[in-house]
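A single structure is presented below for examination.
Chain naming follows the written order as A, B, C and D, and within any one chain the residues start at number 1.
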Amino acid sequence: MIVEQAIEEYLAQRQGSRQWRFFLSALAEEFATQLREPDLRAMMQRIGTRFASAHPLPAARTIADASQAMSACWDAQGWGWVDLEEHADHLLIRHYCSPLRAAFGQEHLHWTPAFLEGAYQQWFQALGSGSALRVQQSSQADGFGCVEFRLAQ
Amino acid sequence: MIVEQAIEEYLAQRQGSRQWRFFLSALAEEFATQLREPDLRAMMQRIGTRFASAHPLPAARTIADASQAMSACWDAQGWGWVDLEEHADHLLIRHYCSPLRAAFGQEHLHWTPAFLEGAYQQWFQALGSGSALRVQQSSQADGFGCVEFRLAQ
Amino acid sequence: MIVEQAIEEYLAQRQGSRQWRFFLSALAEEFATQLREPDLRAMMQRIGTRFASAHPLPAARTIADASQAMSACWDAQGWGWVDLEEHADHLLIRHYCSPLRAAFGQEHLHWTPAFLEGAYQQWFQALGSGSALRVQQSSQADGFGCVEFRLAQ
Amino acid sequence: MIVEQAIEEYLAQRQGSRQWRFFLSALAEEFATQLREPDLRAMMQRIGTRFASAHPLPAARTIADASQAMSACWDAQGWGWVDLEEHADHLLIRHYCSPLRAAFGQEHLHWTPAFLEGAYQQWFQALGSGSALRVQQSSQADGFGCVEFRLAQ
């Protein structure tokens, strides 16, 4: 129904602060015309690494502790929250309600989530995950900025 | 006095939305290590050009009209406001209370205002200023993101 | 599904600015223990009347003009938007995505929408609707603060 | 100088979230026409009491701990911060940068700080201050919402 779509669209847009929506959308347009996708992703990963280094987590002894500490950091900024789930051969990282789509736009969702990749990579390494383990995006981001990653070899 | 400084600092920081402060500060750090100042400024100008192209002003017949239309655009986003002042050989553009320092940080104020340069350049050109006239920053940005530019040959 | 509910809940909460959520929820609790529902609604109506008097609309010649002017006012504050629809014996006022639930809480939605009743009443009167016509809430507010009113005799 | 005043005024206004500024200013107008000052203050105190009850502090063993816990709560909401200072016969409570003026307006600053009175009263009582000690406002609020209180017999 058309109205429900309008509500979803309104709520999705309001995920992104009005102050930076226009700037960040122009920034994404500019970079996307200058760089190819692997370079866009690498750039976002490096920004994510810097972000996580500048905001170290408190020590966490369990997966649940880590999940809570990461979510507290994201929530305080209006970046949603994260769920961590252990699997036999990987750790599933589900990030909910990031403002990536609301700020940079739908058409840049194929590279902007690499920011989260870099941030999680850095946080898990600081928690002692070992450098053999990599964080990789494992789903498309949806309209509310929800996206999945895996920490695995 | 120490407390007054704390108040000023608090107000200055609150100019920048909490949601993007950490991201933008990490982004500025990353770019500043990769690019030299002229390239940083050129990049910000291009982002400003794109921003202003995407947000064209309503037609303005006077300097006062242009000033009001630009200020309405900035204010709606929490980017402060602008005063325009005619001089014999240039138009003085005073931008007040931009969130550039609050978001990107004090140490990047030597290149981040080039975003405004690009935006004003594009807006004045669309208003018919002619391509011989250039917008150039003519003051350092202060702690509240106030900064001056000149439109001149 | 549980996760979708969490997303909806997150988005619904983010409709209300963090700065006033706790204050307004305490205010609603306090008033709800002091006053009965008709008095709570009358109080919110008077606040709505004051709000609309302080923010007069530009002149509107058509229903579509009025709808656009009202929506521009709501949207600039992060209060959603409105659709107006003419019927044989009433004007249907559909307000979408108000922050009333996010700020005051679900348990006070039976009286907080009276603020909108007062605001629309005042705006329509100023547009010349005549004092015989009253605005009355005609639906429950939903989880995203969407609610309907009718302007009729 | 006129421009500096404009900057101060802009920063002071931006302390209050755009979403609730108009609502809260209409609410303050309405109440101020219905109630006398002692009743306005009593109402704000009760709202403050409810707020602090709903947001209990973590246990604090020292004045510095209490100050930090209170400031963390205020800061997370964009309500500034607090300094506590022990004196021979009272505890001085200096609240900095509350959004009270930005939201409710200058003309209501003689009663709106009673919200903070109620909040501090409740928090200190929960920390074990004893019911003989009362929090009372001891300075006018200034243009940035800074205001002092004393906890004493």
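To be clear about the criterion, contacts are C-beta pairs under 8 Å (C-beta built on N, C-alpha and C of every residue); 3 or more make two chains touch, one makes a residue touch a chain.
Labels paired with UniProt names: A, B, C, D = Cellulose synthase.
What you see is a predicted model; the values in this text were computed from it and never measured.
Student: By label order, what chains touch subunit C (Cellulose synthase) and subunit D (Cellulose synthase) together?
Tutor: For subunit C (Cellulose synthase) paired with subunit D (Cellulose synthase), there are no chains in contact with each.
Student: Based only on mean CA positions, could you tell me how far subunit B (Cellulose synthase) sits from subunit C (Cellulose synthase) in angstrom?
Tutor: Distance between chain centres, rounded to whole Å: 36 Å.
Student: Mind pulling the subunit D (Cellulose synthase) residues that touch 2 or more other chains?
Tutor: 76, 78 - these are the residues of subunit D (Cellulose synthase) that touch more than one other chain.
Student: Give the pairs of chains that touch; include all such pairs.
Tutor: Once each pair is checked, the touching ones are A-B, A-C, B-D, C-D.
Student: Quick check: in the complex, which residue numbers of subunit C (Cellulose synthase) touch subunit D (Cellulose synthase)?
Tutor: 16-27, 29-30, 43, 46-48, 50-51, 54-55, 76-79, 99, 103, 115
Student: For subunit A (Cellulose synthase), which residues count as touching subunit C (Cellulose synthase) in their complex?
Tutor: That would be residues 3, 6-7, 10-12, 14-15, 78, 80-81, 96-97, 144, 146 of subunit A (Cellulose synthase).
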